[in-house]
């Protein structure tokens, strides 16, 4: 799969949604706090291309810049970085949807509390966000954004706890779902991960100053050291002390639960060079390809990845099978922000805007096509067709993850279940026929577990969350259970 | 005075301030609601050039467009007007400050309440806004804007009253100061004026549908009929009934007080063709000029207004004195949004960017220069100098309002008291010398009262509020009294 | 008339046209050359609001900034002014058409010649521009703009004369029509006016350095002294000498002809405070009103101008007739750049976007309405209707210029002849009926001549050009005579 | 090398230069001409990211859109594509320099000739462009752009030949250097390649209609068939006939010379899936890697490409050597248009904005690092340092092309010769030391020839042009020979 859960085959644009996939970054006590944050967000750009925001605190005032677009579009302006004064800063990149994005949803969100200002940013999604929002509104809270993150802000503001960190813990303790969160007050930088640890969050260190970010690649870009993962259910509170030193306090307000990191971080989301949960992502993807080659071998002339997502698995498949790895599909890197509202004329050219067949490799060849995942399958249809037009003799699709049957509720934007390929077709043969391939195989659940963790799935106590494949959700789904019970929210539409 | 309380003589730019001068408009039950609102705001543009916002409700959803700039810059786009669907709409224009304006302060403000959405917009200022804001924050409210209007929104959200109109009344009953306010819920359009009636608000009617707006000129532009002033302390609730008819309910929740409209509406703010408090503004300004001619006659060859503010008074002065009215100063109409951040080179040319002497009229003449008011006097210095350079034999300044000694706290942005000309100089002669004129006279308080209301000031129960001249504030000034008591608000700075 | 030859009653947008009304400015030898040019252009902004350009020369390189929009929108940026380095600069403002304006038509135009660079800018229009363009194209010239000014540039480039000034004279000697032109080479500032002197051009002086500009108001804004008019048929060449002094050389390459300044500069175009042809424009307009009062008296209660164009004549009419001058129509100054593409809904409100009736003045009154001119009459229809709705008992229109029967070919954008009111109706009574007024009178030709020059028209040798009224064109109209003979030019359309 | 001749290691921005690398596209007779051109240019985007332009002809008028930015930023707007009406269209993408780009240099260029309009666009560079420009200027031509392409336009305009195609041939016959050119008149689409065939140009066909473009990938994206290469020295004239058919006329006005395609198209420029000169580019790059493995073997654990340029050669090297191919460096795809004006803070992070080490692959490994080429070597220094920091035990650089000693004059932007690594260091050992690698080897000239053409270099009659490596320029370098002889051109600077 080339764009995973954002499978824009038909160029339909996403609605303004409460769900999002994001990246976060925060640093405390460093003179270049905002510049480091900008660089960290740049390294996390793959987690969200829609918008980016940075908030700093200069000892007097919180300063905020939130903008639609890429980090590099805005945060390289020296005047802007200079305006984000102070030795504390945090930032957020937000997932790329095109339609309904408005600035008031861009994080970090900020509130002026009685005890001083607080800014928060969040990767993940709450499964009781709507429930809590309704409760807050009936208690007189005013919601400006459609982001669930604002709910946390209200809970902090209304908490009766004394310190801002206690208020923060009070607030998140009321939330359910997946969240890796960073918060910043006048003196503190706070990081928190949900009890199940669905989304990643790591702690690093630069010049002795603490840093938190979604992935280690954001540490690498600034030359910071990886310290450790923030644990599931852990809240880490860093505070600048009067003597300039920084205290670090770890709390575990929730009952201890086993961590269940989302397997999709390994399958698709995280950057290959990141270390997630102690594992190099590139290596886990290569392992998926190796296991796939063992599970689903095929006689072929070339192993071709759907770039760039399928490339590591394809390298693994090629190494294991001995079939040569070749760039049979060339990706057009300029498509990123282009052709977002294509005309009918251009839409017809479909997949070719992003991918083209490398005819010399494909023509006359039996191709093993490696993709990281398949969601709706419509892109696969077009790629197979493109390869056939380029002269492929056979096209065998090997998918480096299992079949997707279920929606995500933890921050990944998923299409309706009835649009998922696996739900649309009864048998693997039907799917293969729909896609037009000569054969189609998916990696098994155990193959995936082995690739990532070195062990098969422990069905009694799964090591990861794999709900997209199994329906085994690691938390209650309160909003989902009460779907349709609440009256419609008259959400404000428009610019402004 | 040419720009009254926004006396940008030295091109200093205003800070992001809680105070503002504005215009409001609302209409219920008309198919062209948003277009009518855009036109009404255009007619009210003189009350605020910084930003404009419109919110509509289409029976399903509130729709909002808020933009920096003039009404005509944005709200003439057919696509935008079309997106503001529905037969209810309200809008706001905001005073032109340059520096700290950010979109999150632009009105109408909107909140999603338990009983449905509500939008509000406001002309005026609360004298207990900061006090109430502090109280709300300590109760867990989150403030996103620096606008006091948001305080009202929170009070509505937290009210225990049942209906949205009762909540609205509950909220404004806690506020002190000057406010002319419009609110809109899913079925209601609400208009309210503070108990003293400091700022104007009128009711009109088009095709049988109610309209509220700051001045009658906004009715004229759309061919609507003037119905009556909203009374001081009155809340008018218009509601669409199931049968399509519109009920109109007038309430007076506050104790009856005498109305005291702000005299500065007549002196400077309102458009000359508007009817404010039942009086044609142009006629009151001519009367000021007539009274000024009687109070402060002078032998001269020409009566010259400082355009455009001084023109009606100059016509009155000329008619009363028999000295010919001439355009001795020409205004450059293109300066409006230009040269807002002038270079040092250009700044030195000062007043000439906006005004130029009409040498043929001025040269060799004894000039009576009529201005509507004088704030700091720095513009007057430059105009007198310009007239002298153009050959004026004598320059006699006659100001069509009294000396300004006091700050405003009801929505007019005033410079610090120690910057006011009248506070800077001991005697009229000193002021005259500072300005460089041959003589200087101000209209008396009674002369102003006579011009506007036909009677002298009733000192026991003044017919208007004239606090800028007299220090006689019509309300308590709670925030002012507690100035400096509260801890600093760490207001968020920056874009976003 | 309120907008004269730009009578956008129906909001139709002008085509990309070869014709234009403009303003020019140039200065030699002054360290603040570009800033002075920006200020001068700001003072000339009424001559063109579409675009503005400035070219400077810093001894090494010509530097150019050309932008759509007002002078103040762009040329107040310190960085931009700084980039326009050098002690020589010239600039141009261009008439406001909305549709087809593209940057490649914005002046000054520049060419790299064998003898060095040259920049030129032009107010007026050539009556043989198309003829010369065709000739040049058939000789292999490449035209990038649709501006006739480019034709002059090509003639300069192709001239066999030695010096750049001789080349310039060679070039303009081949052109016919009306032109006031400024050119700049590496050492020279050149000013030229056509043999008939149709458009104005004056010479001034600041700190001993020569300045040329369209009107004296551009001298006043920078405190420069008026020296004299550039004479019709004169070319003035200013050159910086090695010793830093500036030589000024006046040449008259054309046969001596009597000057015939365009009367429309007095009627409508020039700023009231400018001295054009030695006459104060405001005074000539007041005279028009005085003469109009004598020629066409009427019993009435108030004299009301159509602002701002009709104001000086209304003051004259009021003074002569003894009927009081009142602001019966209020102009909305924010309409300038607003509502340029109005929706159908808004268009219906027509004239009210710009003008509103001051009901208190108008209601029950017999109104003398003074306009500077009438072109198509459609605006007049709407204004009369607006006054009647405001309660006017009688509306008598008095126009401070004669009836317009003919097109202009010297730089004024005129509608088709068959759209002119005077050509559409047989009698004055018909026109009056069309407009809906109680009476309608125009100033006579002699009344206009008397107002401007103090003498009646010398029919043998008219003192001015009055072709719009009389059809007596001061030059040959070569392009017009050969209209339709040439094959269509496949002018490039689009942005870029 | 990662960015070849645009080695922006130090983020210095290019000057406004006469040199450029570009892509061209043209189609005749197809109803979707403009949309096809937009798609073709999108596929050619790698040849130029600075600006893109399209000109169409609709039977009445030429229409042009030229914009800075990517194809997808502008040409996907349905309204814009619709405005580019007609069944003929051509376009151009221009190389990405940041500083001095101004719209007047963006192609296609257009001229209105006596025989009708003509548009031209050009990939390559003339070696006598300045010489011809000087000649034209002294003959009275006016040059608006700094693009040599304009010189051709002038020569066409001044040609005495009768037909537009003869004029075109007349014009290009006077030019020397490398050019692949497309021209469009009212009825003709013309394609031309210089006598040596330095830059590529191919002919395709869609629905029976002719297409010309720089590379075959622009045919693939629209499903067009490859017909043949335009031959060196060939001019192909396609003309729509009255009956709707299209005539195709091939002419060879120049003396027959052997073709010498630029080897850098294979090394770096062309897209891997393109067929250039009959050869699949990907395959030639793999061959370079294979030959490199034979010429310069090394004991190592992993073969790592500098992505994306070095990837095909790395695959070849890995296959030949048996050392596993791994993604040891991850490319950040969002850097494209980001961080173009980095602050000092961010600049210090250098290469990491674009590349990051995949620590798990690199740590403890002996790395063979494959780059496509090395220009200045400064990027290589940083990449080696990054790999060492990531724990590489050894870093052996293998470059898939020979050492670069000479500048290009045929459309490739090259740094000054004294900045080239090969000229800066005496021995390979010195270079290796400078870069900090354990070993450094370059592919031999013969190795490159073998990889591309299957034969060693024929020194008597080289099969390709390899002047960057050998100094053997395929044409005269007239401008270079006369460098400094001409007086400076006072090129216009600034925006507009």
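Residue numbering begins at 1 within each chain, and the chains themselves are lettered A, B, C and D in the order written.
The criterion applied here is as follows: a contact is a pair of C-beta atoms (placed from the backbone, for glycine too) under 8 Å apart; a residue touches a chain by one contact, two chains touch by 3 or more.
Everything quoted here is computed from the prediction, not taken from an experiment.
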Farthest-lying chain, centroid of Cα atoms versus that of chain A: C
Rigid-body rotation angle, chain C and chain A, from Cα fit (steps of 5°): 180
Centre-of-Cα separation between chain D and chain B, whole angstrom: 61
Distance between chain centroids, defined by C-alpha means - chain C, chain D (Å): 49
Approximate Å spacing (C-alpha centroids) for the pair chain B, chain C: 36
Chain-level touch network, classified as line, ring, star, complete or other: ring
All touching chain pairs, where touch follows the definition stated at the start: A-B, A-D, B-C, C-D
Of all residues in chain B, those that touch chain C in their complex: 32, 35, 38-39, 42-43, 45-46, 49, 70-73, 76-78, 81, 217, 220-223, 271-273, 275, 280, 282-283, 308, 311-312, 315, 319, 324-327, 330, 332-343, 345-346, 349, 352-353, 356-361, 389
Interface residues, chain C side, partner chain D - complex: 53, 55, 60-67, 83-84, 103-104, 106, 110-114, 116-117, 137-144, 150, 153-154, 157-159, 186, 489-496
